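Each structure below appears as structure tokens.
There are two complexes below, and they share chain A, which is joined by chain B in the first and by chain C in the second.
Moving on to the complex of A and B:
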């Protein structure tokens, strides 16, 4: 047994797998604990054997970035070890996610709650961006909620660092409903502004309690966006007609946000409109957003411990985890975006066990972490 | 308005102050009939009940201690209480105090006309105690959270009780007043804060009540609608049966049984679809109760000092950078439209260059527990 193997077994012994809580296309997730402290953890076993060309891309991305990021609002990767031919990621244990909370009709949101969630999301995202990292898959079910109410950004399977000048990035990222128009137009050179658009969509979704821009296909997504926010003119967004996949999708007038968000305050709408600016360079960045008047206005953001939590669920069906990388699809890192693969279907209210894209470290009971 | 109220009272056979005495007041001689205050202009104050009204104490044996006129001589006799807790009738008050402040005929304390209040309780010491307690509660409004331990809170409560007792029983009045004044000066900010807290709580309570009421209404509406639908459905089902009996050739019993089964299925389907309206009011109440316990901290944009070192370097507008030529020359504007910025790449390069420059090398070689420093991959 050489030194590396020895270190690995030592590390492996630190963690105990308790039970399986979910399975996805490329990983199985177990609930486990640390052997010495019995602190609850989630252990994600990545199936290596199935992939002919080695490890799956998103597993590499997840490890690569989470190893470096340590922040209150970013999920923590505690350890990595191998067992037989599998790679195991030991992650922080988190109860629920924002999507569950949004969908739980028995919960009431106060404006202060939304403010608190937005502040935590933006703090986590600002931390990623300051470290020159794009998350590229922000959506409510990637925002996990710890038992103390802290929100944590998870799922770094599509994350990457800022590209060097002249290097192309893929535009097939971010779940469609949260994808910004520049990616829908096939832009290969983009910036942290793509994440900000997703934050804007999440902000709107928190207020509406239903997805804000639910397009049924990539084409329809553009139409949905333009219908809600008006078709951009050359003045709104210089150069967008030159983008690789640009197609005119028809002219829609701009409707004021006030018409849809009737109860929102002026600050709220101002921030939302700055998240949802067409021109990526004019879109607000995470740091400026955190300094926006919205966050300083009354009411103060709720204390994390007071945020609504879903009631203790009873025996949720095992959910598919990490199904975001479809083996059959075009290439690594490509989001499974076939129309029937969208994670949330409004038409199937009981489809919790059928969602192929759900990624959730989901456990049946609430646990206080030590 | 007061007239109308008294007329209503008279019609119901109640004793009403200004409407004169009705016959049944005599039967209730021993009990203390309660009278709605009708004087809204001159004499305010007194103890208010839940609906915000003052109920006045009234008895058949009332006699003005000043002019000795009683209810027999003057059926409209109304006794009011001075701030020194002596009773006298309205006409005496008018006579003595119309020309300005004058000494009380009983204890010689200088009184004003406006300082008289209606009497609520038969026993005037109760009246006084309530007034004192109300005054004290306004200033001594500290809460358990304002103290470090239970002991000091109890000491505080003891002191408050002490002061209250002194005021009620006229013990050491100047000294007690001095204590109150000292307390007020010391805790001005806290008192103000607690007043605000109290107001907030009241406000939350009110909102919640309103919501509850709305919800109840809504539920009632829903229920009514449901019943309506159910009734209609029953009627159509019956009509259907008759229609089928007319047209079908099958035996009557079978047709009826079939329609019944269908109706049953429909109604059971409906009962499952009607979602149980969880009581939103209850949830909100829980939230409101919480919000007074755990305060919401004001927003702090970033909770670390990452940007405190930004002045370690300044980024220039332009660099001689062959790698970003393509981006800067971007004639089509593809990169521009996508939001890509060369400046970000430069910023990153600079930051990577200066990061850690001020750290002492090789201090803290020991790996921190719980964190590992190499990734082990499968072999």
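Moving on to the complex of A and C:
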């Protein structure tokens, strides 16, 4: 066997697939572990054989960028190997994502919790942008949460390098609800500001506990944005009416953010409004956002380990599987679920009723501070 | 080992305390940097190992048959690879690929032959695969069909069959930083220097410098030096004055000597490499190497040969064994999977469980 093949086989042997945890059109995801240490990992097996053009672009992008990026708030690619016609990415194992946490009605978010998630998101994103890379698909379910509470940006299947000036890029990127108006207007020259808009939408969603700008179609998305933030004028956003897909979608007045985010502090609203600036060049960048007064004002961000974690509902189906598969060898990962579950029961005995309480808590915090 | 650990620890400490250039976080910095001596050593030992393996294969096929074979040495391998490196720009011109694609494909080709021998994999095929892969990794994809239909006598399997092997050899490290980008950055910097008016930096200086950068791609420079070092050396060849002005601009205040003086020895070496080796190889010499390659290439890689058939059979056997083992595992899971409560498994669950075991087909 050739040296290169041997090295590949050696890599393959380092990792054990334990059970399937998800399946999409392009990939199957397994939970697995490192054979020598039992460290829990996720193995994403991409079926390459089915692509007529060989390795597909999203797999290539993911591998290319994750190979280069090493940061506490970016998911770690531990290894890559191929098996027959499949490409296998070994990723660090992360229990949950921000979407699950937002949707878990039994969890109460303190302003300090939201600040911690925002800080971690921006640190990861600032690192991507510093490395000349656009993510182009930020949304809560691509922000994964490790068992120690650290947030990690994941899914680099749409990522790309910054384009040179004058080089066209596709505007069909970013999940609709998180897509900035310039892309909806068909702008083919854009910057890291597109990711920042998504961060703004995520920030709002963390406070509202529901998607902030849920448009039903691309056209409706623009309407939804303008209804929330007011239709931009030429002064707000010079030249936007000249963008390729510009269409007037009606005049909506600008309503103060304060009307919707009743419990938020002044700093919070100021930062939110800087993320959601129409003119991409005036939108705040990741580095400046990290230096925004919001992050220096009280309350300090929660320590990652103290952040709300979802009840074990997502791991439950896995546990049911465990019973059938003999590899449920009660590794450290499996045990880790139980105390969480217990804690969840202690803090929220009756689940769904806590939402009003969350609002109330936010409010008192705000009043206390101002 | 202990020394490694200590070094690692030191690196970790440094990363916490010292602000390090972004470039040092790249896989290019971590995995693809060599000293000239290391390069030489990697190539010689790779060549020796390859010759030993192929000799054994010859002997296994027919004892004594390897005695008269004149195997290629490391330099001859290099010469052949270099010829195909020089073909990449021609092909890219034909397709009008951006320079990024061209430069990346060339880097892939060089890196590939730091892990493989031309006696196993002919650079003609590897070059086609590396170029196709580079179109994708640099975000300039074209369909395989339009790629192969524009290259005579090339089928899609010629390109795709080696894609995994090339990717593995690259260690799946697809990102490459190039000197032409660095040169462009320097050129932009120069435009903002107060004491460099426009007449001091005519366009043809840039044009000459970029020619030197392109010539450097035919050499080992990128495996030894950083993109910005190569770019600055190329600019020095075009205009020493401008290069010095730029270097001094970048100098740290209070340094003992101007940066241009510190850089000089490195730049001299790069200039030497570019001027001495930055051109296509002598075609006659390469033709001779290629002729000999026909006689000494690994018979295991030549379809139809005895060794090839033997290898195929061995692989077949291994796959068969693996399948049997898997079937056995599945059967066992089916019969005593839930033991002693196996009988309580309902049929759906059992089917699901089997499907899962079965699906993992590596």
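Simple rule for what comes next: the second predicted complex is superposed on the first by the 313 of 370 C-alpha atoms of A that agree within 3 Å, B and C clash if a C-alpha of one lies under 4 Å from a C-alpha of the other, contacts with A are read in each partner's own complex, and residues count from 1 in each chain.
In the analysis below, contacts are C-beta pairs under 8 Å (C-beta built on N, C-alpha and C of every residue); 3 or more make two chains touch, one makes a residue touch a chain.
Note that this is a predicted model, so its numbers are computed, not measured.
Judged by the touch definition given at the top, the superposed model places A:4 against both chain B and chain C. By the touch criterion defined above, A:249 lies against neither chain B nor chain C after alignment on the C-alpha atoms of chain A.
By the touch criterion stated above, A:86 is placed in contact with chain B and with chain C alike.
Using the contact criterion defined above for the overlaid structures, shared-chain residue A:281 touches chain B, although it does not reach chain C. For chain A, the partner that touches more of its residues is B, with chain B and chain C as the two candidates. When the shared chain is aligned, no partner comes close enough to touch A:16: not chain B, not chain C. When both complexes are overlaid on chain A, the residue A:160 reaches chain C alone and has no touch with chain B. In the superposition on chain A, A:78 makes contact with chain B only, not with chain C.
In the superposition on chain A, A:63 makes contact with both chain B and chain C.
Applying the stated contact rule after C-alpha superposition, one finds that A:112 touches chain B and leaves chain C untouched.
In the three-chain superposition model, chain A touches both chain B and chain C at residues 4-5, 7-8, 48, 55, 63, 67, 80-82, 84, 86-87, 130.
On the chain A side of its complex with chain C, the touching residues are 2-5, 7-8, 12, 17, 19-20, 28, 30, 45, 48, 52-55, 57, 60-61, 63-65, 67-68, 70, 80-84, 86-88, 130-131, 160-161, 323-326. Per the touch definition, chain C reaches chain A in the complex via residues 22, 25-27, 49, 115-116, 120, 132-133, 136-137, 139, 141, 143-145, 156, 159-160, 163-165, 167-169, 172-175, 333, 337-338, 345, 349, 352-353, 356, 359-362.
On the chain B side of its complex with chain A, the touching residues are 275, 278, 280, 283-284, 287, 290-291, 294-299, 301-303, 306-307, 321, 323-324, 326-327, 332-342, 344-345, 348, 370, 372, 374-379. Within the complex, the chain A residues that touch chain B are 4-5, 7-8, 11, 48, 55, 63, 67, 72, 78-82, 84-87, 105-108, 110, 112, 115, 119, 123, 126, 130, 132, 162-166, 182, 187-194, 237-240, 242-244, 279-281, 283, 287, 290-291, 295-296, 299-303, 305-306.
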